[in-house]
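Comments concern the structure below.
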């Protein structure tokens, strides 16, 4: 019945989450270890699978709504899964962007040692992991925690950009490579944003509260 | 317009008056019952129930011939009317809108209203005349015909009340139609059919008129259904119109037994059908 | 839809010259739940009553076309339902009705094995006990009634009675059971229980359920057929029919515009 | 899978069963038709000899072989209608009391049983009782009124008949009263009518056809009732001069004379009487039932 089917759907979205998470992780690892095969794997194997899964999850959601007319928490869950599905697919696209830039970078000499970027990636992946975790466990505290960590990733991005500008000014031949590094950091930052979105969705599923767009404070006081 | 109080008073007075009238109409029954028990109970004893009548003048004697006779007549009637009545009732309930059913129902209604004396004449023409003499068999047939409409009607009515789904459930289990009717539908209506049989027995146990020209009566014990046989109502009639006081006493005793038997059947029927 | 258990070929059924099922071609997959839905009077009940030859019991009823039952024992055998004794058909294709209808004169125990008793099939005591227990467990009624098996079935609640009727049909080990709006006389809780039960049962038996309740069709069926004015308008996997119906009438029915 | 043989067998049994059912139904129809034909056949001799004039003939003389049924027809109709007249007020009273005042409860049950059970008392027993209780009573009255004190006669028979038919008309009347829709009664009460006014102006008019059906059906009973009447009517072959004089009904003549009838014409005349009784009671009954049936739809 519905509960059973809903569980299957949850499993599916978690699987999708794990897939895109591994895509980010692989693209960053590919960059750091200059492993071309890993990057090509992301582009040719993982990406199509993520796309396929997105369609599959969409259909499952629509079916459940059409057949079971879910209400209250069940309905929130399905709608949120529908949105998470969208977010995860876009994260997948961003992992593809990262892989493409990484492919460009690993063929060329390093501009500079990558110190902040791996840390940033680690933090981003952790956010995504935590957001999916919070969804699995229905843990709204963890989800809120994810939302708060968005600032950290933003700070990394600013930091990396500042550094890259210094390099570009001092040596214009690095500009092309620097832009690719910047692209990677920008994509990571957007992934963190989407992970934040997911966190907000989880809070909505669990508590029925909207914490987006600065409503967090108001809802704490009980009104939406 | 008359005053409201007057109208209320009038209404109340009339209700009291009507109720008294209704109560008054129970008097004949109570009188009959009182009379029969008063006159009858003293006559009834073991000898009365177990011995044969003795000639006028001799003390003692009983009505065993009539008790046995009525029992045999009722048994013959039951043997004829129960299967006939149940099967016809089933037919009417199952194939109620056919032409045959319409005609059968008409006959049932005619039979319900036909005077018992007419049934007596018919059975005389059909059985007694060809056989050349009176017999228990002809009496049983006459009573069976009297009983038939009661059994048919009650079977039909009760079977119509049994939900169609019960029948369909049985058919859907792959049970043949005849088994469905015999093992599911009829048992489900059993108490109703039984009520009908009891009511029919109550109706015929006291019947006299159809027996006058069929069973005829017999002062001796008889178990041969081809010979004339006595019956309680016949004995009551013959003794009642006789000029002998001691026979009247016997008739009171027989009446008492017959009335108690018939009324008990009546009350049982009413109690069963009320449930 | 490869493993088919029942197939109709141009099935047409009528009452007294009035056609209620028109030229239906339908294939029912094995071990699944197929729901037949449609507005009242659309012929859905008549359609399933043609499957086990109950339709012909109604006066002036007529059936044309074929109903083929496909049995899979050692080899696959196609049986034309209208060429064999209807009693045999009904033992292979069981039926459960709208109103719970346990046999009023029988105990719970006897009701379960009523098909054997009434058909005159002798069972050993141990065999009978086993069938009763196993079947009542299948319909999740065993725990509720095991202490009063020899009481009349009519004392049970409506939902329990209906489960008893499902047990009665299952005890004959049919290939298919047909359910004709089995929950329309029950309250929501009892309805839910029956729906859960059907979900469990489809592993052992193919289920065809007639329902006027769109929600119920959506919740429990794997395949759904939509009938309108005696015609089979649309038939397919429930997921597809419920989200992307091909026919306008289906769309209207699902969105509550007809019915 | 059953063999072909058993498949066929089961089907055959169903056919046989259906045949058996139809057989009994058809047999019943034959029974009904046979009733009529046998009676008609047996009375043909008398019919040929006396024709329809049989029913206008005043003399019933077995010795002269002259048979006229008028006294008995007169007696039958007289006793039945007097009985109806006597029972009518009581039957209406019971219908109203059980159909409106006391629909349920202990009193209603007892009253219903006591009024209905007299129908269960065998008619021969009622006749016997009439002979020993009613006949002396009527004789006293006759002495007081200075008419020949027979005791037995039309009046005595009518009183007994009235007892016997009361339960029929009362119970049908009661049912008819209970069929009056509550909304109708409430509407009348809402207009300020008293209970009696509701009964008189709403219930009785509504239940009228049911009450009439009850009366017609009890008339059918009275016309054919035999034993009790035979025992108290006095068996007089002439036309009764008053309600106190003895008389005979069709049924009582048949009961009294059938077994002693010698001669074919005599017997046939009695059969002719039986045929007439059969036709009259059947017509009366069917009319009553027709009205009842229309009421139920």
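When the chains are written out, they are named A, B, C and D in that same order, and each has its own residue count from 1.
Everything below uses one rule, namely that a residue touches a chain if its C-beta (ideal position, glycine included) is under 8 Å from a C-beta of that chain, and two chains touch if they have at least 3 such contacts.
These are the chains along with the protein names UniProt gives them: A = Phosphate-specific transport system accessory protein PhoU; B = Phosphate transport system permease protein PstA; C = Phosphate transport system ATP-binding protein; D = Phosphate transport system permease protein.
Nothing here was measured: the structure is a model prediction, and the numbers come from that model.
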| item | value |
| --- | --- |
| Chain whose mean Cα position lies farthest from chain B | A |
| Top-ranked pair of chains - ranking by C-beta pairs in contact | B-D |
| Whole-Å separation of chain centres (CA-atom averages), chain A against chain B | 93 |
| Chain A and chain C, separation of their C-alpha mean positions in angstrom | 49 |
| Interchain centroid distance [CA atoms averaged], chain A/chain D, Å | 98 |
| Centre distance in Å when chain C and chain D are each reduced to the mean of their C-alpha atoms | 54 |
| Residue list for chain B, restricted to those that touch at least two other chains | 176 |
| Sites on chain A at which at least two other chains make contact | none |
| Where chain C touches two or more other chains, by residue | 87-88 |
| Residues of chain B that touch chain C when the two form their complex | 97, 163, 165-166, 168-176, 179-180, 183-184, 187-188, 190 |
| Residues on chain C engaged by chain A in the complex (per definition of touch) | 195-196, 199, 215, 218-220, 238-239, 242-243, 254 |
| Chain A - residues contacting chain C, complex | 1-2, 59, 62-63, 66-69 |
| Parts of chain C lying in touch with chain B, wherever the complex brings them together | 52, 54, 57, 59, 86-92, 94-95, 97-99, 101, 103-105, 114-115, 117-120, 165, 168-169, 172 |
| Residue ranges of chain D in contact with chain B within the complex | 10, 13-14, 16-18, 20-22, 24-29, 31-32, 34-35, 38-39, 42, 89-91, 93-94, 96-98, 101, 111, 113-115, 117-118, 120-129, 131-133, 163, 166, 170, 192, 194-197, 217, 220-221, 223-227, 231, 251, 254-255, 258-259, 270-271, 274, 277-278, 281-282, 284-286, 289 |
